[in-house]
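Listed below are the structures to be examined.
One chain, chain A, links the two complexes that follow: it is found with chain B in the first and with chain C in the second.
So, the complex of A and B:
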């Protein structure tokens, strides 16, 4: 596969952006919890989640590049209005909770640095995210999040500096159980999968491919971005888990607030620098994810109802679209203003994402095989087998999440 | 439209995106109107778009609320917005119509919200 210079830049940019998309508040929180309580034993869950995300992201990008229609528009076109209304209603609810969690993550990062409670930061943070969306264009936000996202590599360096026992890390990559506390182990496993396989990332990614005017010639670029970008993101997430396993597990600390995770990096990097790096990583990853989650809600409605849409358009050129993300942000600020615990809300929204996963993934099976949209770029046997396996996995997750939350949450 | 082409109305037209003469999205094909004449085969006379038509497709109270909202605040005062089939230029992934989206009720809300959006700096 030979790539032109422009395509190489696209790949580099896509890889960096996907770190922002991949590593959100949910991934940080669930990986840290996993490491603190079960050592390296959830690493294989991260691997499985990453594999699923690579396939789904590749498909959503390919669909949009070839057809010029983002997935959510096609979902209504092929599966009808009633299906669109039912799934969108579910996704708006989950979307608001996820967005609220991301806002909570940014507010907490600011609390760590300033000492002022996250409740006071909720409104300014909401306003900041809104102002970025209102004034920025897709390209600017994409590149900005990409560059700033490099800060999250701090987790990787911290993990390396702690010299984790490689044999044990390797054993964590092999699927296994939780041992002493199975229900809790599996609850965290489900939350990790819910955090990694976020439908909003898919709607955002396929809309972005349309905003960037991708065409069928970008199919190879898209594949590279999906594989390398998501792989890169998973390395960072795995680093969070490893740091938590090295710092918290021996001390018997259970992660129940972000200040502790920050402390973990402080220990790892010997000094205040680690603390600030953690706050910056958390804040930036959450800003990226908040932008994507807010846009995803506007994309879903605009595409399913045939509005004109686009983050690259001035708000006055796509008023229904820009009013939708504004409204989504207004609603999502409320939980933090009321003082809901951000970490608890995050784990709850990740579990809810897992419950709603089957309806989000099922359309892939129909759409990715539609000749009118994809022509010769339809799914092959491998991709279809993966989609079926993921739908099966999603159903299992949806069924076990609530009992696990009651027993092990 | 090319002569003699067979079009699957539900598969290829219903729910597809409607675009105007310069490709701007103006909603989706929310409904199709058939004209029945004694002794003639049914003929597609219009495509419909907008909240009034959508409300009729929804079951339960949601449809009722949407219909009431469309009567009260909609651009067509509770009447469905119909586009004569003669205006349909092409049926592909998008259904292209020979209309200016800006001048149709399809953009009623785009314009109403536009007055609000214009007051905010940076818009």
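So, the complex of A and C:
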């Protein structure tokens, strides 16, 4: 694959933004819980989830670049209006929960630094995210926040500094079970998959490609960014897990509060640096993810219903699009205002995302195999097989483990 | 950008799914499993959960205070974490006692109560900025933590035997 200098710059920027934007509240929470309770034994789940994310992100970018269609509009025209309404309703419910979790993450980061309860921060945080969406353009929001998100690399440096046993880390990459607490082990595995394979990422990524006017010549760039960017991004998530395994597991700390997760970086790094880097990482990663989640909901509705859409348009030129993300934000601040436990909400939302994955991903695969949209760029058998297998696994595990988890409290 | 209804030509050729039976079946399974999950956990599990929670938050309180002593964390964070620790430790004990103390931990109630009081004293010491009092309390808490670890391991071994 030969890339021009312009494409190389795009790849470099794309990789940086992918790494900076990889973490969100779900990845932080589920990786920290996994490391604290099961050591390195969920690393293979992170690997599997990342592999699927690479496939899906590459597909969604390729679809937008080759067909020029926004994904949701194509899904509607391919599978019909009833299908669009049913799937969109399910995705909106999950989307609101995910957005609420991200808002909770930002509010928690502020609580860590100020000592003022996250409930007081929920509304200002909702307003901040809304103001960024209202006034920002797609490029600024996508690249600006994701580049700030490079602060999450602090987890990688902390993991290296803690000198994890490389043999055990390597064993964690090989699939295994959870021993005596199998139900909880598999529930966390499901939550990790739900956190990594978020459908909103696809809607956001493909809509961004349309907003940036990608063409078929961008397919190689897209592939490089998906593989390298998501690959390196997963190293950050793995680092969160490794830090948790090194700091919490030996002490018997089971993570059920973000305040505990902060102690991971704090212990690993000198002075107050670790503490503030954790707060910054959590806050910035969640701002980026909240922007993506809110926009994704607006993209889904606007594209499917044929409204004007585009984050780069002035709100008055895409009124219903802007009203959708405004309404989504309004609803999403409510759980935090009511004092819902942010970590419990996050992990549950991620597991629920795994339940909803087939609703979003299988129709997407139908589209990716349609010659009329993609011509010779349509999916190969390998990518179809990998994505179907993992999504089916995540769904079955979610259906079995969520009730077991509720039973276990 | 404008998209949507103009693309309906494809919809005519590819009708929406006529039935949603697989989704309904999956929903029914999920509902059945969720309903079956409503039963109260057995006493040995309640005991194990309570010990795990007390042990976890005892270690958290200790690590948070140690970090404060090393000036790695700001006061507002330490204050909130110790408050949360005291509250969670109290909740764990109250939950344990609500449906009758399981026989597995009936003789360990004093040990399980100790960290809550310790967290309260640590919070007071941190609030006063009294480092030597915090260090003394930490030394006592370290001993409690070791006994909790032994209790946790004993319960895990009993669970494994079953």
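The working rule: the second predicted complex is superposed on the first by the 394 of 409 C-alpha atoms of A that agree within 3 Å, B and C clash if a C-alpha of one lies under 4 Å from a C-alpha of the other, contacts with A are read in each partner's own complex, and residues count from 1 in each chain.
Operating definition for what follows: a contact is a pair of C-beta atoms (placed from the backbone, for glycine too) under 8 Å apart; a residue touches a chain by one contact, two chains touch by 3 or more.
Please read these numbers as outputs of a predicted model, since none were measured by experiment.
Participant: Would you sort A:113 into first (chain B), second (chain C), both or neither based on which partner it touches?
Facilitator: Touch partner of A:113: chain C, not chain B.
Participant: Could you look at A:139 and tell me whether it touches chain B, chain C, both or neither (first, second, both, neither)?
Facilitator: neither
Participant: Between chain B and chain C, whom does A:323 touch in the aligned arrangement: first, second, both, or neither?
Facilitator: The answer is first: A:323 touches chain B but not chain C.
Participant: Spot which of chain B and chain C makes contact with more residues of chain A, would you?
Facilitator: Tallying touched residues of chain A, the top partner is C.
Participant: Which partner does A:76 contact after superposing on A: first (chain B), second (chain C), both, neither?
Facilitator: In the superposition, A:76 contacts both chain B and chain C.
Participant: Quick one: is A:68 in contact with chain B, with chain C, with both, or with neither? Answer first, second, both or neither.
Facilitator: first
Participant: Quick check for you: in the superposed arrangement, does A:305 touch first (chain B), second (chain C), both or neither?
Facilitator: Both partners, chain B and chain C.
Participant: Is A:314 in contact with chain B, with chain C, with both, or with neither (first, second, both, neither)?
Facilitator: Only chain B is touched by A:314; chain C is not.
Participant: Touch check for A:176: first (chain B), second (chain C), both, or neither?
Facilitator: Neither partner.
Participant: Contacts for A:47 in the overlay, against chain B (first) and chain C (second): which applies, first, second, both or neither?
Facilitator: It touches nothing on chain B or chain C.
Participant: Both chain B and chain C contact which residues of chain A?
Facilitator: Dual-contact residues (chain A): 69, 73, 76-78, 80-82, 304-309, 372.
Participant: Which residues, counting only chain B, touch chain A once they are in their complex?
Facilitator: Listed in rising order, the residues are 12, 15-18, 24-28, 30, 49, 54, 57-59, 62, 93, 101, 109-111, 113-114, 116-118, 120, 122-123.
Participant: Mind listing the chain C positions that touch chain A in their complex?
Facilitator: 1-11, 14-17, 20, 23, 26, 29-30, 33-34, 36-39, 41, 45, 49, 52-53, 55-56, 59-60, 63-64, 67, 71-77, 79-81, 84, 88, 148-149, 152, 156, 159-160
Participant: Can you list the residues on chain A that touch chain B in the complex?
Facilitator: 67-69, 73, 76-78, 80-82, 85, 131, 134-135, 304-309, 314-316, 319-320, 322-323, 372-373
Participant: In their complex, what parts of chain A are in touch with chain C?
Facilitator: 69-70, 73-74, 76-83, 86, 111-116, 180, 210-211, 251-254, 256-257, 259-260, 262-263, 266-267, 271-272, 274-275, 303-310, 313, 355, 359, 372, 395, 399-400, 402-404, 406-409
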